[in-house]
Structure formats: C-alpha cells, structure tokens
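Shared between the two complexes below is chain A, which has chain B as its partner in the first and chain C in the second.
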Partner chain A sequence: MKDILILLFRSKRFIVGFVLFLGILSFALIGPMLNPKNPFQMVGGLFSPPSDRFILGTDNLGRDVFTQLMYGTRTSLLIGCTAGVIATTIGVTIGSVAGYKGGIVEEVLMGITNVFITIPSIVILILLSIAIKARSAIVMGLVIGVTAWPWTARAVRAQTSSLKTREHIDIARITGFSSIEMIIYEILPYMFSYIFMAFILQFSGGILNEATLSMLGLGPFQTVSLGVMLHWSLLWEAVRTGAWWAFIPPVICLSITTFSLMSMNSGMDEVFNPRLRRS
Partner chain B sequence: MRRFLVSLVSVLVITVLLGSVSFAQAPVQLPRKETLYIAGMQWGPPTTFNPMAPSPAWPTNRGQHYLIYETLFVYNLLTGKLDPLIGESFNWSVYTLTVKLRKGAKWQDGTPLTAKDVVYSLQLGKKYSLYFSSFWDFVTDVKAKDDLTVVITLNKDKPLKKRVEVFLGQIFIVPQHIWSKIDTGQKALLEYTNLEPVGSGPYKLLSYSPEQIVLQRDDNYWGIPYYGKPAPKYIVHPIFKSNDAGNLAFERGDVDFSQQFCPEIWKMWEVKKLPVGTWYKKEPYHIPASIPSLYINLHKKPLNNPLVRRALAYAINYPKIAETAMSRYSPPAKSSLIIPVGVPEKKYFSQEDVDKYGWKYDPAKAIEILEKQLKAKKGPDGIYVLPDGTRLGPFTAICPYGWTDWMTSLEVVAESARAVGIDVRTEYPDAPVWTDRRNTGNFDLLMNTPAGGYTPAHPWLRFFEVMESKGVPPIGQVAYWNFNRYSNKKASSLLDAAAKITDEKKLYTIYRELDRIFMKDIPIIPLEYRPWHFYEYNETYWTGFPNEDNPTASPLHTAQGIRIFYLIKPKD
Partner chain C sequence: MRNPFVRYLIQKISWYILAFFVAVSLNFILPRLIPGNPVSVIVNQMATGGVQSDVLERLYSTYMKEFGLDKPLYIQYFNYLRNIFRWNLGTSFMLYPGKVKDLIGRALPWTISLQVPAILSGWIIGNLLGAFSAYKGGKFDSVAFTLSLVFSNIPYYCLAIVFLYLLAVRFGLFPVGGGYSFGIVPTLSLKFIADAIYHYILPYLSMVLVAIGGQAIGMREMSLYELTSDYVNYAKNLGVRDERIIRYVFRNAMLPQITGLAISFGTMMGGALVTESVFSYPGVGSLLFTAIRQSDYPLIQGCTLIITIAVLTANFLVEIAYGFIDPRIRAVQLGER
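Showing the complex of A and B:
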C-alpha cells in the first residue's frame, strides 16, 4: 500500500488532481462549519452584485451565492459519490460474474448490459427523475448510479475473462472455493486499481449528470446543488442581465471538481498501467 | 472525358440541391420599417386559427390582439369602460341590453357584418360547449332587431349585468356565411383549423410556420373611417423556444413589442441606454391588474384552522416576493382582494380595514399566533406542533414548472414559512397536472390567480371566484372557480347584491364588507400583483408607444390595447 502511495505521488497529474480535490472537499465540508449561514436565507435583493457583505453577490432569490456555493458543492459531491459507489458496485458485480461464469450467464448479463448501453442514459435519467416524486440528494445519486454502470460492467467483464485463465485461479479452484469466493478473493484484488479508477470516473460523471438534470429542472428538491444554482440563474436570465456571479462560480466549482477527479484518474492510470508507467 | 462528365453531373446535382435548400430556407423578407415584431403571445407551432378551438394560435386566441377577429367592444384599462369596436354603444333597460353596431362594418371578404352575424356568434355558445358558453347562464335570449341592433335579454334569476358586459369585450364575432357551413357539430366546430381566417379586423393572415406568424394589413378595413389605419403594414410574431431567447431578441431590437416576463428590464435603459420602455419609468413599471395568490386547502387538517392560515399569512415575506419573484414589477401584496393601485378598482380599497383586520409580513406576530393562540410547541426540528399532536407541515406548495416568477414566489413562501416554524415545501409539476389538481381541489397549497385578466366586472369577479360556493362541485370533481371550496352564505348574498348595484357608495360598502369577511376567513393569501400583460416596447424601429406620460391607449396586448397599432410611427 505504502509503495502504491509513493508511486502515486510521483505522478504530477495525480498530485495536482489530489490537491485540487482536497481544496474542493474542504471548501464543501469545512466551509459550512466556518460560515454557518443558512444557504436558503434570503438576505439580499434580486441579483445584488458582489460586495463586502456578499463576496459573490446574491442570486435571484436574494440568497448569498458564496454560502450557496459551499452547500451546493457539498450536495453535488454527495450525489456524485453516491452515484459513483452505486454504478461501480453494479458494474463490478455484473461484469465480474459475467466474466467469471462465462457461457449463458455471460451472454444474458452482457445482453442486458448492451441493451442499457444502446439506450442513451440521459433519456432513462430524465424518465426516472420525472417518475420519482421525492428527489432527495441520495435518491438523485441512486438514479444516476443505476443508469451509469454498463460501461464499467463491460470493462470489468473483459478484465475478469482474462484474469480467470491465470494459474493462481486454477489453484484456488482446486482448493474448492465457490464462485463468489473466487471473485472476491482471487479476481477483484487484482483489479482493485482499475475498479478505483472506474469509481473516480463514475464520481465525476455523477456530478456532471446531476448538473445536467438539475439544469433541466429535474434536480433534487429542497436542497441546493451546483446544478440547481445554474438552473435558477438560467431561468432568471442571469446571462442576459449580466449577473455573472450567479452562474460563473458554480461553473468554476463544477469544472475544478471534475478536472481534479479526471486528473487523479489520469495520474493513477500512469502509475497502474504498465504500458504508461515510466520507470 | 468520362471523368469530366461525372464531375459535371456531380457539380450540377450539388448546385441544384444547395439551391433548393437555400430556396426552401429563405424567409420572406419584409421591409423592417413597415413591420412590427411582437413576442410573448404564441409558444409552440401554430396549428389552428379557429377562435372557437381550445387554444388557437395568435392572434385568434382569447385575450390576444383583436387583429383578425374582433369583439363588440374593447375594455379600456385606463378608464374602466368598454370602448366601441364593432359595437357603437350599448344601453341597459331593466332586463334587456340593446347593442348598436357600427355602420359599414364588413368582413374581410367584403360581405357586410350585420346583427345576424352577432346573434349567430353568440348562439354558438348556446349550441355548443365553447369558451363563452357560461354567457348563457346569465342570458336567456339574443335577437337581431334590425341589421344594426342586437337585443340581449337577461336571465331574471341571475341578473348579473356586470358579467354580461364582460362577455361583450370577450366574445369574437365570426361570419355566419362561413361558419354556418362548418357548424355541423361540436367536434367539427372545434377541430376546424381555419387556416385562411376571414375576420372583420384590420389584419389578414399572410403566412405561418413553426417559426413565425405573419399578418398583413387589410387596406380595405371597414373601421378606417372610425379608427384610422394601423401603422405597421406587417405584424410578425416570431415563435421563440424560451423566454430568454425572446428577451434577448427584444433587447437587440429584433422585437419591438413584447409581453414576456423580462427580469430587470430597467437595466435596459438605465444601464445599457437602450430605447426601451414600460408603462411607468419607475417601479412597479407595469399597472398591477391581477393578484396571483396562495390557495389553501380549507378541508385538510390543520390548514382548515383559520388561525393556522393567519399565522402563515403573517409569516410570508411579501416585500421579498415583490423584490425578487416579481422583479420589482409589483408593490408588496396587501391582505385584500382589491388591488390598491393603478386600476379603476382602487377606489374600493380600504387601508383602514387592512390595518384593522388584515395582515402583513410580520414573523413575530406569526410566532405569537402559533404559541399564544394556537398553543403550539416547537418540535426539535424547528417546526411547530399543535396541542393535539398535528405537526404544521410538510405542506406542499405547487405551481407549474417554468413559470419562473411563480416558482420563485413559492420559494419565498416556503423559506419564510420555515423561518417561523411552518414546514412548506415546493413542487413544480407540469401545467396540465397543476390544472387538474387545482380544479379537483387536490392540493395543500397552490398558486393561482383568481379571475386573471381584467374586465369591467373587477373586483366583483375576483370576489366571486374566491368566495362564491353556489355552483361549485365538491372536492374531487372539476370546479372552474373557488378551487378550495370556500363557503360563506353571507359572502354569497353580498356578491348577489353587488352584481345588481350601480351606486358607487353602496358598492364601496359591500366590497368593504366582503373584504373584511375575506380577511377573517383567509381562503387565499394574496402574494403579489401582476399586470394583465407585461407591456414592453423597444423604440429602435417604432416610436410613439403609449406610457404613463402619454396615456393614449391601455398598456395591453388585447382589448383597447389594439389602439397602440394606430398610434405608433416608424422611426425616421
């Protein structure tokens, strides 16, 4: 583990991503503790410009954009993380079972996966979001997660198919491991780095999907997220009226968050992928 | 040689294809100086120009510019009276209304427009279920006395003269010689698309597409001796995908006259120095004419308790709604069903009663009602619980998705209610869902405008739509007014009395009494004032739009607002 960390921190991309992500994380988690304002409190006027009182001005409802940004980033991270965990779990489960079992099981599972891949996930996302009445942040994460798993499943299946032909698997099989034990103890540990990278990609995809849905007005209720902030600023024509503070900060936050995750992923790829690894 | 021929043929094919594409896409170029561009009345592609259809395209829908089809009279928002259009004058005797028509009125195909056409049009509402069929609740007979005189007999059981007058300014008159061929049944009538409409108005439909509707002036318009000739030769309504696209076009001067909700419009002249204007140069910029309100379910615990409703009424931050949701286009709402400023009904408003019986934004008072009068205790989550264990919420407040000013109003309601300890949440369903829930009374809190638009019967009509329970089916069935099924016999009898009275002093007394009952029972909470239409003009190409300093016509996109087309001039 220590070796891996040392390796990881040799990658400049990983370091840049990690530092940025840490910054965003502390802004979203520690920020609200230092600035315990209610993000929903309507403290100012319609699109009040940035001032001493409101560093980033107020939004269309007169709410402090800076406070909203902290809580919004937190919600977006929560949704992204939930979506990432769910998508990765489903993807890894289906992919590894299909890859390890092979035969009809593989055919069926991969058939389902391929069907899911061919339907644009945004369509399923929109339909699911409309159907669900109580969209909390966690529910949003769930909805995004259950539509984002197919490509992880395909990649994991390919890896599993290749891993299962290795010698140590044959040996384990002789010792009488069940299929599940085989997958958990003998296959997944060899893909751990890959799974983690897939999770990071799903995490950032989840955040972007949340922003897309929220901008369409299908975001979480009774909460603020980066997408919800953008949604209100677009509805209130912040671009035309010149209220840049209402939409540029959430866009920057979204960009930094996804960039940091992508950068970490790319850094990890450099380290874990033997073909990319530099000596 | 063969290669040369192949190349030649390819070039020719491509040229022909490109040529046809560019030909197909080329829009009709209209002279800008003779064309007025309008926005905010048509969303989505036009499918029918049948004024009897449920939602025909601009300008044949109710409450839009009377440019193709006309009504007998047009309501003047500035005077509160009906001005002539096809009709010249109207007179009441006890139970009959005599309408005199303008001499020389003609249809666009040259056929004279007579009293028979008027009788035919009004009777369509009796024969079929149409947008004005309720006219026949108040009227028993309509007859043509001669070519220029129509006599309407009032229903003696419901002698509501004001209601009947409203219809004179709302019902489109259609030509009998054309419509009698279509009028073979309800379905046939409603489904007729009428793509070449023949009306009596000053404009004809020139072309339409999913992108725009174009009207061309009819230089043979019968009304020219009376009203003159409207200035624009062409009127174009581009069909925008969204509000912001329309507002951007308006800001650039590509649209001259707009009815869209345009946040912070004052920045266009104060900051960007554009030749843009609204009715007033200062707040509230528009004439308030309707009261979007919060309807409360009066049959659901604990909202059926007037004290809970009063606490909620005190909790709502009305100045914040005016400032943010209405983009300063509304003064903060008062606790009255009478609009206190701008419109003719302001003479009935009593500030004294509002101070004595009403409410205003006062969270401390809301908490006092909750704690002292209702004996409610605050739960660990900050929400009050009544002594019988009923928690104050969650109550869901709904309005249609995309109605940005309303959505924002409800956000303020929810936030200010939670701030005092009443749990209100927002939900934005699609408009048809909202309509269904409103009409069947299936809601906790719902935003809606009682008696929207403006008529000679306001504020009576507003009181009627909020407080009249006669003819309203129970919750679960479809109602067309009084959506929360408020019932008060005293209010009903006062409404009946007010409908028959013309004496201003007596009316003032009755309206005050009705308003006091309203403030006591709080069936709905007025949230803001909204203009009948947003009246916004950009004088880059056309000037002379009426405004507060030049009040030559009503700031409307309908009714007497059609005079605006006669008053404007192309900019030199």
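Showing the complex of A and C:
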C-alpha cells in the first residue's frame, strides 16, 4: 500500500489532479461553514457586478453568486459521489458475478448490460427525472448512478474472466469457498486499483450528468448546484446580457473538478499500467 | 442463414430491436409514473391562465383520448406502439394544436447537420493527433496530451458558454445565437446558406474541440500499447522502416476507436443537446429545453424517442462498418475461418 502511494505521488498528473481536487473539496466543504449564508437569500440588486460586498456579484434575483458557488459545488460533488458509488457498486456486482459464474448467468447479465449500453443514457435520465417529482440531491445521484453502471460492468466482467484462470483461484475453490466468497476474497482484491479508477470516472461522469440534466431544467429541487446555476444563467439570459460573473465561476468550478478527477485517473493509470509509462 | 455475414447482420439487428423496445417501453412507462393524471395537471395549469371553460373541456377530452388514460395499461401500451409505427407522436401541450412530429421534423435537420459533422470530424482529427503524438513523444506529446486532457474535460456546454460570451457577446465576431438571422426566410438561397454557416461556426467549434480532445487521448493510449508490443519490437529489429511500423500500429490501434465512434454518438448526445440550447440553435436540444420548462410531456416523449432512434441508428451503422473493417470478423463472415 505504501509503495503504491509513493509511486502515485511520483506521477505528476496524479499530484496535479489531487491538489486541484483537494482545493475544490475544501472550498465546497469548509466554505459553507465559514460563510453560513443562505444561497437563496436576495441580498443585492439584479446582476450587480463583483464588488467588495459581493466578491462575485449577484445573479438575476440579486442573490450572492459566491455563496451559491460554494453550496453549488458542494451539491455537485455530493451528487457526483453518490452516483459514482451507486454506479460502481452495481457495475462491479454485475460484472464480477457474470465474469465468475459464466454460462447462462453471464449471457443474461451481459445481455442486459449491452441493451443499456446501446440505449443513450441521457434519454433514460430525462425520463426518470421527469417521473420523479421530489428530486433531492441524493435522489439525483441515485438516478444518475442507476443509469451509468453498464460500462463498469462490462469492464469488470472482462477483468474477472481473465483473473478466473489464475492458480490461486483453483486453490481457493478446492478449499470450498462459495461463489460469493470467491468473488469477495479472491477476485475483487486483485482489481482494487481498477475499481477505484472506475469509481473516479463515474464520479466525474456523475458531476457532468448532473450539470447536463440541471441545464435542461431537471435539476435538484430547492437546492443550488453548479448545473442549476448554469440553468439560471441560460434561462435569464445572463450570457447575452454580459453578466459573466453569473456563469463563468460555475463553468470554472465544473471544469476544474472534472479535470482534477480525470488527471488523477490518468496518473493512476500510468502507475498501475506500466506499459503506459514512458521511460 | 448459412451465409455468415447474414448471421452477423441478423444477430446485430435483433440486439438493436431489443434495445429499441426497451427504450420505447421506458418512454411509455416513465412519464406515466408522474403522480396524478397528467392531463388534468396540464388543463389546470392552463385554467390559471384564464382560458375559457369550454376550451378547457375540449382540451381535456382531446388529451384523454390521445393518451387513452381511461383504458387499461396494456391497451394504452399497444396504442402507443401503434402510434409510434404510424409516426403519430401526439399533440404538443404548449403549442396546441401543433403536432409533435411536425415540431420535431422541423428541428431534426438542424441537429443532424450540427452533430454528425462535429462528431465525425472530431473523431478523425482526434485519432490522427493521438496516434501522431504517441509516436512522436517528447515535447509535442506532452503539449498535445495536456491540451487534449484539458479540452476533453471541459463539458461541451461550458466551452459553448465561454465561446458565446467571449466571441459573440464580448467581441461581436459571431451572432449571439439562433440558426439564422431574423428576417431571413429559410430557403436554399446563397444568402441564407452563408447566414446559416455564420451561425453554425460557434456551436460546431465548441463541440468539435472537445471531441478532438477525447478521441486523441483514447487513440494515444491505444497507440502506446501497440508501440510497446512484441510485433513492433520484432519489426524494428528486422529493420522495417518507421513509416511502415506506424502504419501497422495505426491500423491496430484504430479498431477499438471505431467502437469509440459508436460510443461518442450516444455519450455526446446529452452535452450536444445542452449546447444547442446555449446557442438557441433551432434543433432538438432547444426544443427539449422548452418542452421541459413547459412540462410538455408529449413533446418531451417525442424528443426522447427521436434521440433514441438517432443514436441507435448511428451505433448500428458503425457496428456494421466495424464488421467490414475488422479482419477477424470479416474473415469469419467470408467463411475463411
């Protein structure tokens, strides 16, 4: 474990991603603690530009953009993380069971997976969001998670199938492990790094999906997220009226967050797949 | 059935038909989970707008009949399927009595002419860039890779918003939205085409840059794998010329990227829809944006249906093409193996 950490921190890409992500995380977690204002409170004039009183100005209803940004980033991270956990859990479960069991179980599970890979996930996301009226941040994370798992399932199945042929698996089987024990103790630990990387990808995908849905007007209710801020900017024409402070900050936060996650992912890829390392 | 290619084709087609039915069923069932009767919700919304009561009654009966909400669920489902195959997508709430199929028919050409070129050209340029930077290495590689990483991680719509603000609003180089200027009638005149292209550039750019970045990263990685493989070492030791090796590497690394093309049609869709609404581009994305804002369920369902059909068709075409290109599948098809 310690070796891996040392290796990870030798990868420049991982360090850059990690530092950026820590920055975003502390902004979203510590910010609201130091600045416990209500992001929905109308405190100033319409679209007032940044000033001493409002660091990032106010939006179309005179609400403080900087406060919104802190709470919005927090919501987006929460939704992304929930979606990532759900999607990774479902994907790993289906993929490892399909890969380990083989036969008809594998055919059925992979059949379902392939159908859901083929159907564009944005369609299911839109339909699910419309059907669920009480969309809190957690519910949105769940919705995004249950539509995002197929890629992870497919990848984990491939890994499991190849791991299955190793010798330690045969030995464990002789000692009488059940299928579930086999998967938990003998298969999953060998692809821990892989699963963690899949989680990071899903995390970042979840944040992007949240933004897409919110911008279409299907965001969380009574909560501000980065996507909701962008939706407001579109709806109230902040872009065309030139109120840059209402939409550039969420754009930057969104981009930094996804960039930091992808950068960490790519750094980990370098460490765990030595073939990608350039000597 | 003995022809292997026909078998491959039939197998693929049945998968896509299955996926289509699952999607259509979700399209049917999910909006019906909305609590309460959607028709009365809509009619009540209109009632607050001060519409006369006999008009409301007519609206109510139109929609009840169209949805068949008074009938059992399975009959509703069969009606729904029958209507889809007759391309009868119902009547829009917000633009009553406008037909959903007409609204979508007007928007679809804009979306296709924006997205297909953006995805295809982004894919081609991205792959060339990725392969080249993997082979080249050094400064070029690290600059190209970092740029690709940055661009591929900016969501389309974020780049779209930044472009719209900087290039259109701030510096006035491009129009601030729409598919063509006000007061120009969409005809096949030179003036209209020039105007449409002028409006096209920003949405296109904001999508293609992100696509190039994403594809370049994937291709670079594939090429790096290939470059360290045994056959490359072997060819090098044999003294095969570099250009030749690159050609081998490119062809091998290219195969998974073709699957990548199919994936991009599906995954780019969401971002592309939002990009359209950022630019108020008169495509399906902007239509969906307004439909969601107005709770126009028939129109939303029509949009999701057309998106499903478009993505499934694109994926299907790519997969068939893949069958022709991949020598392993081709060999099986031709019965050589």
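Here, the second predicted complex is superposed on the first by the 276 of 279 C-alpha atoms of A that agree within 3 Å, B and C clash if a C-alpha of one lies under 4 Å from a C-alpha of the other, contacts with A are read in each partner's own complex, and residues count from 1 in each chain.
The working rule: a contact is a pair of C-beta atoms (placed from the backbone, for glycine too) under 8 Å apart; a residue touches a chain by one contact, two chains touch by 3 or more.
The model shown is predicted, which means the values in this text are computed figures rather than measured ones.
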Which superposed partner A:F259 touches (first chain B, second chain C, both, neither): second
In the superposition, chain B vs chain C on chain A residues touched: C
Contacts of A:W236 with chain B and chain C, given as first, second, both or neither: first
Which superposed partner A:M42 touches (first chain B, second chain C, both, neither): first
Contacts of A:L128 with chain B and chain C, given as first, second, both or neither: second
Chain B versus chain C as contact partner of A:A172, first or second or both or neither: neither
First, second, both or neither for A:Q222, with chain B first and chain C second: first
Touching partner for A:I15 - first (chain B), second (chain C), both, neither: neither
Touching partner for A:V115 - first (chain B), second (chain C), both, neither: second
Common interface residues of chain A - those touching chain B in one complex and chain C in the other: 217, 234-235, 239-240, 242
Residue ranges of chain C touching chain A (in the complex, touch as defined): 15-16, 18-19, 22-23, 26-27, 30-35, 137, 149-150, 152-155, 157-158, 161-162, 164-165, 169-170, 176-177, 217, 221, 224-225, 228, 266-267, 269-271, 273-274, 277-278, 288-289, 292-293, 297, 300, 304, 307-308, 311-312, 315
Partner chain A, residues of chain B touching it in the complex: 243-244, 247-248, 251, 262-264, 267, 271, 317, 320, 323-325, 327-328, 401-402, 404, 407-408, 411-412, 415-416, 418-419, 425-428
In the complex, chain A residues that touch chain B: 40-42, 45-47, 60-62, 217, 221-222, 234-237, 239-242
Residues on chain A engaged by chain C in the complex (per definition of touch): 114-116, 118-128, 130-133, 204, 208-209, 211-212, 215-218, 230, 233-235, 239-240, 242, 244, 247-248, 251, 254-255, 258-259, 262-263, 266, 269, 275-276, 278
